[in-house]
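Here chain A shows up in two complexes: once beside chain B, once beside chain C.
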Partner chain A sequence: MRQLYALIQKENLIFFSGWGLLLLGASYIVLSMFLNFFIGGFFVLDNKNLYSYFSFQNVVFILIIPAITMRSWAEERKFGTIEFLLTQPISLAKLVMAKYLSCCSSVAFLLFLSFPLWIYCNVYYQTDNLNIISSYIGCFLMGAAFCAIGSAISAICTSSAIAYISTSTILFILSFMDFSKILYNLKLQQATYSRLQNSLNLDYHFYDFITGQISFDNFAYFILLSCLGIWLTIRILEYKKG
Partner chain B sequence: MIVVKNLCKNYGNKKAVDNVNFGLSKGEVVSLLGPNGAGKTTLMRMITGYISPTSGSVSIFGKDIGEQRIECLSQIGYVPENGFLYFDMSVMDFLKFCGEIRNIPKQNLWQNIKHAIEIFELEDVVEQKIENLSKGYKRRVGLASAILHNPDILILDEPTEGLDPNQKVKFREFIRNYSKEKIIIISTHIMEEVEALADRVILINSGKLVKDTSPEELKHLFPENDIKTAFYKITNEVK
Partner chain C sequence: MQIKNMLKKLLLILVLCLLFILFISVMSSTSLIFGSKKADLTQTHKYSISPQSLNIAKNLPNPINVTLYISEDLGNEYPELGIHNQYLQRLLNKYQAASNGKISINIKDPLPYSATEYEAKSENIRAFPDTGNTKNLYFGAVFNNSNGEKYTIPYFSVQRQNYTEYDISRILAKLSGYNQNKIGVISFADNISNWQIFKKIKTDYPIEHLSKQSISIPQDIKTLIVYAPQKMDNKLIYAIDQFVLRGGNLILMIDPYAEKIAAKYPYTKNNNINFIPWLKHYGMDMDENKIIGKSIDKSGEYLTFLNNQNQQNIYFDIKDINLPNHMGKALKISMQTAGELNLLSKKDATYTEVLSITEGGGSIDSKIVKFGTKEKISSNFEPDNKKHILAYLIEGNFTSFFSENIYGNITHPDIIPAFLLNSIKPAKIFVISDSDFITDKAWNGVLYLKGSTVYDQIPTNNNADLLLSVIDYMNNNLALSSLHINYLQTEDYSATAQISNTIYKENKDIFLQKWKEINALQKEFIKFQEEYNSQKTTMSLSKIQDYDEYNRKLFKLKEELKALNYKFQQEILQKIHFIIILNSIIFPSILLLCLLIMLKIYRHYKIKKYKRELYE
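On to the complex of A and B.
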């Protein structure tokens, strides 16, 4: 536990010491609020669940989270510090988990920046706070899954820029891909077809959260996606050793 | 003890390390010698488990580095050739981080850090960011971090690069004191260092172990009685 904590602390120290965090926070707030006020129709909608804000979080995360994860492994490789990390008496799984948890803490920080909006809504509107909490949980789980995928891509790349572009592209495909065309060719029964289509779609699970319909499969989807990303990162690092 | 057995590493068709065998015991200071691209760094990286061998094995005190990586690495202090320091951290933060990820007990951590700082004379720069340090200081921070957990094996790749003559003398003194009950592997191109420090020389050329002898013997292999000439003649002979 002490090793894991030291690694997370190191990651955060490096990330939070420069301008990185400030720039990231500012970009997140500007982008989120722009989409919320100008496209989401914050003042037009009945905003009891902050739908105008949360409904664009998947788009915002596709642009912001790769900036958090791109440096995870790509920069360690670029500066040679990966040799230091991989020759320490610590398991690969712990190293990967530490970087993943550090990225997740950045996601939590970004979401925390939107709290004033929640407070504002509580003062001026009749809000459905349980629905808002469910939306925050959904956003965090989606962000965590994106972090795991971004971390795996960063483990392949030596350049942060390439890691950013590749992660954004993959997250975009994962979020907006229409699985119906692939599944249609499998000639499945209608019920199985629509069930499978919904299960695979990231947006479908995310929208369940922001509309307050939390269910086990939504949690399982994002947790499994995170596990897959973490597992892939470990495998990639092991492969690169050989 | 370190036992390197039939160790090979291929990069495509190129054999970076080709069937290398040797054993090292406590109290030995071994110098890995060889021209650029001979395979010294690859060999050290395999001993530290950073890269996996194509074939062969490395065992550290009877444990295979591939199978019991964590147990083996807890007994190794490694300073790679190129910058492995986190430039955004201060010297103190970096040393503390190194101590914590090596699981040094809390009660010993500060004592070990203080000891390492004293040995490598880092008192004036402990609060400075590593990126602002000179090359020599960066090297000293690296060396200090490697001995924090008092490892039984110290593996140093070009350790004196960037050190001033005074620091080089102090480094040699440190190695002499530290080597009594430890295994030290030093990769260097500086022949004076080999003569001053090493009990044993392992000469590598084109991935192959071409000589495993003492510096004294190496020196007297040729009529010139000079270690530099011996190095030159052996490495060119093999080519």
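On to the complex of A and C.
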């Protein structure tokens, strides 16, 4: 556990000490606030749950999270430090987890940047805080799942740029994939069809959090997706190591 | 070696495929098991449906198919409709989950010029343009059952969002079958058939408007609404009396001013009588000289009365309403100049107080309300902390108001049926001591043009819902009368509305002053014009100068108001810009800076620690 903690600390220090932090934080907040104020309808909607802000987080994360995850393994490989890292007396799973958790803390940091908006709205307008907390949890879980997928792609790629583009593309497909056309051919019962369609749709699970309608399956979806990403990263690295 | 690598790659692909299938199956099963059990974390429990709605969904006799016509670009074009769409779909999922598979939901996207678009149009789903006016968008639903019955919601309006659950539940209950008896209406006011409330009732029950000179109530009418009776014809009272004895249900909307207004008309026939003795026959009385009020706070401001300057409403909330079987959670009824009902003696019937004021209630002379100023009304009104009852529901058997057939021995099976001295069937009578509570302005936020549907009505108060609930109850449609009305909010909580409210409050006095000046000047100007038109004043040079002076002053004041309005708009814009800059740049920058400083300190401390450790 101490090893894991030390590794996370090391990863975080690398991320938070450079200009990357400023650049990423600034890009995230500018993009999010632009979508919130100019497209999301912050000023015209009954926005008690900050819907205008959270409803675009999936789009923002598709653009921002690959920038966090691209460097996790691709950069190690580029600078030739991966061999050194893999020969350390630490298990591969711990290494992967450390990098993954470090990316998750970056996501948490990005979300933290929007706290002033929440506080501001609390002071001046009416807010539905429980719903907002649910939205933050949803955003974090989605971000964590994106980090896991990004991490797996970064483990495959040798270049950061390729890792960024590939991750963005895959996350985009995952977010906006329409399962209805595949499921329609299965000729299922209407209720089962709609339930299945919703269960596989990332957007639907995410919007469940935003609307404050959460259930076990929403958590399961993102946690499973994260586990899948982490497991794949470990397998890919093992394969590459071999 | 190459074969081994190939095999390894194949294995990886196989494992990936297996994992994907595993993911899908795990997700599908968790969703099928837990998907319908969702926690509602919203403050207002917006997504939770009431036990009454759940009950309707659980006890559906036939399968119901819901077809939603929703354009994919809806949320992108109109964010508020996008939110409403999220809400609607989640709400329908709740119904679906409760119905044990009896409700099926089918979502269709009516793409421009597609077969689905023609289908949507043929189902009366309303098309509306996108923001660029390039294509039509749709956001409506069709509910149909296996018996071929069909109800359409042409357009899910954002303003009607609070009523979504109510509208859906009502449609589901209607599709499950209900008694669609005819409603008769006798009105002592003109043109009430155009009122929105009757449009609303008409969607559920057929309505027949009867003349106030009617001598009998048709046999097929099961419920009769008598609106604002005054100097009723003896024959009409006889007809209604016999209707009640035959088991007909009566809704009586009486008004304290009705008889006084009628007394002003000298041509009223001598055989017409005041309705009060008739009311007393049912065990109730109303003092026409009293108007009931309700204080809203201890500061002495009363939200109650009507006079020429101040048309204020009296509001009843759920604690004041006691409609049997009615479970409305947040019903809000508004009334003006309501009278007080007094129970004289209990007859063989049961009497239920439906509307009553228990806190802050009081009464005041009706003349003061009619002709007094707001100040005079306030000074004359004192809450007496007594219970004031404004509506009763009477159920049971009655005796006739008449001792014999007023037509002698003449009877006709359809027009004048045989005289009844006692009830042959129990009846229900609902008496409410206010008539104008069903006027459009008392409950409907928007007055729509011809051709609009009931879904265009944006209720500001639940007056229509109360009346409809009473009609449902009288017709034994208990599933309908017990519908939950999720009255969430009527105020606009958008940031712009809140900003403009704040700025308006700051400038309210200046605005009002300017409006007063304009109104006063306009009145003077109108008077001047009237005098001139009636040729009381002849046109002279000084008059022309006066005329010009009025015009100049009015123009100047209007310009000042425009400038004030412009300043007001600019202030709102400035505030909006300030909020954008504050939340996009200033706050995050401060946060980032603080974080960087903290990290620097942390690093400095850590390096120092390592150095010390190395030294040691």
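Basically, the second predicted complex is superposed on the first by the 242 of 242 C-alpha atoms of A that agree within 3 Å, B and C clash if a C-alpha of one lies under 4 Å from a C-alpha of the other, contacts with A are read in each partner's own complex, and residues count from 1 in each chain.
Keep this in mind: a contact is a pair of C-beta atoms (placed from the backbone, for glycine too) under 8 Å apart; a residue touches a chain by one contact, two chains touch by 3 or more.
In this text the structure is predicted, and so the values were computed from the model without any measurement.
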Taking chain A as the common reference, can chain B and chain C both be placed on it without clashing, or not? Answer clash or fit.
fit
Touching A:V123 in the superposition: chain B (first), chain C (second), both, neither?
neither
Once the shared chain is lined up, is A:F79 touching chain B (first), chain C (second), both, or neither of them?
first
With both complexes overlaid on chain A, does A:Q88 touch chain B (first), chain C (second), both or neither?
first
One more residue to check, A:S17. First (chain B), second (chain C), both or neither?
both
Chain B versus chain C as contact partner of A:Y221, first or second or both or neither
second
For the combined three-chain view, what is the angle at the C-alpha centre of chain A formed with the C-alpha centres of chain B and chain C, to the nearest 10°?
170
Which partner, once the models are overlaid, touches more of chain A's residues, chain C or chain B?
C
Where does A:Q3 make contact in the superposed view: on chain B (first), on chain C (second), on both, or on neither?
first
Taking the superposition on A as described, I'd like to know which of chain B and chain C A:K241 touches: first, second, both or neither.
first
With both complexes placed on chain A, how many Å separate the closest C-alpha atoms of chain B and chain C?
5
I'd like to check the shared interface: which positions of chain A are touched by both chain B and chain C across the two complexes?
13, 17, 242
Residues of chain C touching chain A in their complex?
8, 12, 15-16, 19, 23-24, 26-28, 30-44, 47, 79-80, 82-83, 86-87, 90, 96, 101, 104-107, 489, 492-496, 498-499, 576, 579-580, 582-584, 587-588, 591-592, 595-596, 599, 603
Across the complex, what residues on chain B touch chain A?
45, 48-52, 69-71, 73-74, 76, 78, 80, 82-89, 93, 97, 100-103
Under the definition above, what is the set of chain A residues touching chain C in their complex?
13, 16-17, 21-22, 25-26, 29-30, 33-34, 37, 39-49, 51-52, 55, 109, 112-113, 115-117, 120, 124-126, 128-131, 133-134, 189-192, 194-196, 198-200, 207-208, 210-217, 220-221, 224-225, 228, 231-232, 235, 239, 242
Note: in the complex, chain A contacts chain B through residues 2-3, 5-7, 9-10, 13-14, 17-18, 79-81, 83-84, 86-91, 241-242
